[in-house]
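Okay, here's the structure, questions in a sec.
Labels A, B, C and D are assigned to the chains in the order they are written; within every chain, residues are numbered from 1.
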Amino acid sequence: MEGFPILSLITFLPIVGMLIILFLPKEQQQAIRLTTLLITFIQIVLSVIMLMNFDYKASGIFDNSTFQFVEKFRWIEIPGISWLGTVKVDYFLGIDGLSMPMVLLTSIVTFIATLSSWNITKAVKGYFSLFLLLNTGMMGVFVALDFFLFYVFWEIMLLPMYFLIGIWGGPRKEYAAIKFFLYTLLGSIFMLLVMIGLYFSAKETLPDGARVFTFNLIELTNIANYSADGILAPMNPNNWRLVAYIALFIGFAIKVPMFPFHTWLPDAHVEAPTPISVILAGVLLKLGTYGMLRISFPIFPDITLQLAWYIGLFGMINIIYGAFCALAQKDFKKMIAYSSVSHMGYVLLGIASLSTTGINGAILQMFNHGTITAMLFLIVGVLYDRSHTRGIDDFGGIAIQMPIYTGFVTVAFFAAIGLPGLSGFISEALVFVGSFGSENIRILAMVSTLGILLGAAYMLWTLQRIFFGELNQKWNELKDLDWREYSMLIPLTLIILFLGIYPSAILDIMNSSVKSLVDFIITNANNFYITSL
Amino acid sequence: MAQVGLNHFLIVSALLFSFGLFAVVTRKNAVMVLMGIELILNASNINFIAFSKFGNFAIDGQVIALFVIVLAAAEAAIALAIVLNIYKVFSNVNVDEIDNLKE
Amino acid sequence: MNIYDIIFYLFAGITIISGFLVVSVKNIVHAAFYLLFTLFGIAGLYVLLGADFIAIVQIMVYVGGILILILFGVMLTNKIVDVEIKSESFQVIPAIIFIGILMGGLVFLMVTTNWENNELIIPLTTTKILGNIILTDYILIFELLGILLLIALIGAATIARKDKV
Amino acid sequence: MTETILINIALVILFLPLLGFAATINLGAKIKKMYYFEIFIITATLILTIIAAFFKLSDFVNTQIGSSFTWIAFDTVKIDLGIKIDNITVIMLFVVNLISFLVHLFSLEYMKGDKRFNRYFAYLGIFTFSMLGIVLTDNLLMMYIFWELVGLSSYLLIGFWFEKKSASDAGKKAFLTNRIGDIGMFLGILILFANYNTFNFDVIYSQINLGILPFDSTVWLTAAGILLFMGAVGKSAQFPLHVWLPDAMEGPTPVSALIHAATMVAAGVYLCLRLFVMLTSDAMLVIAVVGAFTSFLAATIALTQTDIKRVLAYSTVSQLGYMIMSIGIGAYAFAFFHLVTHAFFKACLFLGSGSVIHAMHHSQELEDLGGLRKKMPVTYLTFLISTLAISGIPLTSGFLSKDGILAGTLAFGELTGHWLIPILGFTVALLTAFYMFRLLILTFHGKPGNQEKYNHAHESKWVMAFPLVLLSMLSIFIFYTPNPISAESGWFLDKWISTPETVVPESTRFEFMKSSDSELVDANFVHSKLYEETMHHVHYPAMILSVLLGGIGILFAFLFYQWKKINVDKLTNSIRPLYNLSKNKWYLDEIYNATFINGTLALSKIISWFDQYIVDGIVNGTAKITKIYSTYIKWIDTYIVDGLVNLTAILSGIIGLALRKLQTGKVQTYIVYVILSLLILLIVFKPV
């Protein structure tokens, strides 16, 4: 695998696909769909190849030499602007145990979402072009190791998402799309500010010995690279690190979405077409927490330690608040959307524990939530396609009419509830074990267990209202699943079952990275503390 | 009068440039205008070569001068062709009467 | 005053005087002949500046090419029978004022500017150097000029063609 | 037979039902007769269980066998899963598999013609698998995993007839109520894991034994014990979480027999047995009080219920309360003993009621029944034997176990002064005998309530009768001990079950459980000599009292319902409030509905409103303010900024008109302008 640019390939393959699609005539809808399917399938193959060549012992995080499949060369270089110094941006890709599961998740979810896009009939060409562009953006964020590049990919995602919701969405699509766009853009602005602040605070040493300002995420974690008067330098007694951290955190929290920045999510989900909801919930929400783990935590270990309790607090609020909101919803899709809010709370709680168990659990939860929620949205989509309504109370007794579908629904719902044997359980359990074990947020963890109960309550109540009881005669024409829906639901079910029984398949990938992240935060936070004294 | 140096050449070129411009501005006949332009181009060429000798441009100045000559040739050819066309249309080549650009 | 200076003033005088005559005489044919002298004078200045090859090119292209072309233009646009080929001037007074200001300004600029002045020893013959540099550093421009000339050739022929198809 | 073989057999026993489930659920839609596969699987499991139990109880009776593997490992965390086979395990295995087998058989006839027949058997399969997992596990995590899985299968089976709203409601209620208990249990597990970094029972106990306490405090140890007990409160339907079990009777009757009477609800008791050694005296007292109160509460409710299955359900709750109480007072062995005997006779009672319901075409109200003794002799006889057993009449298994528990409560009262517990215990014995015989008389004696249905009723087929006969046989003392009045000398208690030594620090033990008071007798550990002696000492008084109370209860039942010497209606009228209290289950459902359920729903509505109008309102408000702001900006823009621009335009127009004069249209003029301007620029920006 040495030297083969597999990360660039997996990232930019969708762009190639997009170009192919742009050259296809508009009428060739089937060819367009098949191209997209092929591209996403190749991505799965590539990520599996990556997984097979993945070194489970290499930790990454702050250690340049242990990143894998690294591609690095100068992308932008503007020499000699007087006060700026040499502006240089690297094209720097690489993965470690944090990003590998996310790359895997992205390729799986996009593949499933492609299948689910089959019944999009409006402007097929445009849809799939944007879809593939979105795909590149997501992949890019997970593999970029240069802040600038990260930011570029982050923004690339935004635009296609805006159009995908705004053109192919439901009745209030414009509102939802613009809300999503503005919200996320707000987050991006915060991120941009911090990015620039970091840039002028640290310098990296080039191989030829020159010292230049840097966007390199790995170099930014090294305290030795900061200049003493940098605005975000830890040893600067008047530094702005706390403010920067909060700004960055808000930027990521909007994506998570964290209370009180979550209100774009229900609207976006309800209005977005099914495949886009799948991607939104399956991948996009993970970007926020991934960003925290990749950027906030290693670069600001001191503040992270300082604010861990608040992160945990917001995690707890998310869990309980989201669950209560979900309980009150009358719209099936909105209910699932709020359940996402609740489930992402577990991720926040897990990372706030700053323990290997908690963070392992959090990343596993990110993966599991990706697959489970993807499945939940597909399920909503299946029902919506047939009945054109999403009101929970409009249904009743669907289990009689669609028994196999109900079987899949049961699996997905119980996975979301955290039933042992399905993947959701082990990640939630690890999050709780980790956060309870961390003395700092023990109380929060104890309160959060209420979420387990509420989660079961809203899920089962919905299950009952839609599927059980007498068959509502309005729906006695509904057909059970067709082959395409099987092909979407069965792989996800298998993944959910497999990870429920053998979670180590994902846990082993990230063990060493998570461990070194936690060690790094703990040791460095103390160092920083001493220097700032 | 001092030793002949850069300035002398530049002054010659400045005068030549002014004459050329004067021709361009005042003469009615398009061919005369063309001659004025030739003068202007030559004036600039003198500058190029003078700077080539006295400035920092080394041989490059001469090369540019060469290119200017070539351009001048091309320009003359095209310009005369245009003049012929104007003549065909207006039956004279007096530029002051050809003011369709106005209004 | 050494011999170099004398030769300079000689050529400069030829150039300026004949240049002035070019723009001041009424008869176009005369003006064209004065232009011939001007071009010769400039060629002499080139020689003084060590640009032997350019000087030759100046004579060959300008005198042999452009000047002939201009004469043809004069002939073609004035009836030959009309012996008195004259060209009138207009707006002479304002033009003189403008040009006077311009000339003054230019000379002022030329004289007062603090030019970098480090006189180079130009080699005796520049032809070989020019050839080298044109075909290496300036090859692109060279090629483009070639194309430009071709375009000019075709363009001139097309524009001047009698009947438009 | 070696230990390895035994372990392998145990694993096969565990996973066979899972195979049955997976095959039946997936192929059930295609293959009509798939349920035979499930029957085959359960039969094989039962045979293997009998083999395993036989060898364990003969060859390895005093050894504990176990095996584990690492499931998840990272950093310093290592999560092992494993099984542990001791005597309790194999006896439970036997009980679960036997009853499961009999219920499978019974269901063949009972569920005949149901459109989801295969799925029903598949659900039974996954239930059996999960229950066996609980029984076999050697650690808390796996216990929790299977704990949830039995919850799932219970949910699926209660809501099996999901077309009925009451059935799906009951399933949901069962699952959610259990979840409340599970949260407590989960927190308890978290406390232990956070301190000992393992889920394994034995490792945790050995750590506690070394004096390592959770967070270095006995309070946390007590808390852990009580929190874990909360899991049992949910699963074993103890007050205040008992409300789900009566509703769970919406499920098919064989399911009630298997899950909600014999096995799953006993899982809570089983958990407490596993936890017994780490319970502090405070935790034990809580457990004892909860158990005693539950058994009393349920018994009073059972007095007035008119649905045959509900009476049995409340009697189950009551008996489970007995077992829990028994653990709380330290009568470990009798708790387990009662679990086993109760499993058999209560399964028999439920299946008997199923037989009646089947015969009466799904009529289960007591007023429709009556006089079935002659129509259904086998059912009647087996029902009678089981009723005698649950009432604690000598020569039955129930007498032995119940008597032990009551003696334990007396001894406990004598040793600690908590007399409330024995008083409640004996009251319940009286009430149990009364309401059980009320049920028996109203069902089988007297006149038929519904003549038409009565005429069609007939004795059940052998697949339904055989389980009844077998289970009622197992309610006779001889299977447990040769001595009909004391179980202590029987193999069950003497050889197989012995009370383990508690590991909690001395300061947190009951006075009578101090280690100075224990000794080793015949390789069996006697955890408290004083307690044993006291129990012996009170044994005969307790026995006489309990038989007497049972007899009185039966007598009153006959007086009320058989001979009608006392007018029931008159009596109920005179104690109307008490009657209503009992009839309406102490209004607990209503109270819960009004407070917790409606409270939660109202809270969710409030929060949702808050979300929609406040949080999102702020967002939209910001947008609106921006919009308003922007209209003002637009005004400024139109009239001031744009005004300036327009002014500029007008000005430039005027200037342009003036300057137009300069425009001659002649190229030359323009050139002059250009060059002059250029010259000016050059002069102005001339470098020095």
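Note that in this section contacts are C-beta pairs under 8 Å (C-beta built on N, C-alpha and C of every residue); 3 or more make two chains touch, one makes a residue touch a chain.
Note that the structure is predicted; figures quoted are calculated from it, not measured.
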Q | Chain whose Cα centroid lies nearest the overall Cα centroid | A | A
Q. Taking each chain's centre as the mean of its CA atoms, how far is chain A from chain C in angstrom?
A. 71
Q. Distance-wise, how many Å sit between the C-alpha centres of chain C and chain D, to the nearest whole number?
A. 107
(Q) Report the inter-centroid distance (CA atoms only) between chain B and chain D in whole Å. (A) 103
Q. Between chain A and chain B, what is the gap in Å from one C-alpha centre to the other?
A. 68
(Q) Can you pull out the residues of chain C that are in contact with at least two other chains? (A) 95, 98, 102, 106
Q: Going through chain B residue by residue, note those that touch at least 2 other chains and give them in order.
A: 21, 25-26, 96
Q: Spell out all pairs of chains that touch, sorted by label.
A: A-D, B-C, B-D, C-D
Q: Report the residues of chain B in contact with chain D in the complex, numbered from low to high.
A: 21, 24-26, 33, 95-96, 99-103
Q. Can you list the chain A residues touching chain D in their complex?
A. 179, 182-183, 259-260, 262-264, 321, 324-325, 327-329, 356-357, 360, 397, 399-400, 403-404, 407, 414, 419-421, 425-426, 429, 432-433, 436-437, 445-446, 449-450, 452-454, 456-457, 460-461, 464, 467-471, 503-504, 507-508, 511, 514-515, 518
Q | chain C partner contacts - residues on chain B that touch it in the complex | A | 1, 3-12, 14-23, 25-32, 34-36, 38-39, 42, 45-46, 49-50, 52-56, 58-60, 62-63, 65-67, 69-78, 80-85, 87-88, 92-94, 96
Q: Show which residues of chain D lie in contact with chain A when the two form their complex.
A: 25, 29, 71-77, 141, 144-146, 148-149, 152, 155, 159, 162-165, 168-169, 172, 175-176, 179-180, 182-183, 186-187, 190-191, 193-194, 600-601, 603-605, 607-608, 611, 615-616, 618-619, 623
Q. How about chain D: which of its residues touch chain B in the complex?
A. 663-669, 671-672, 675
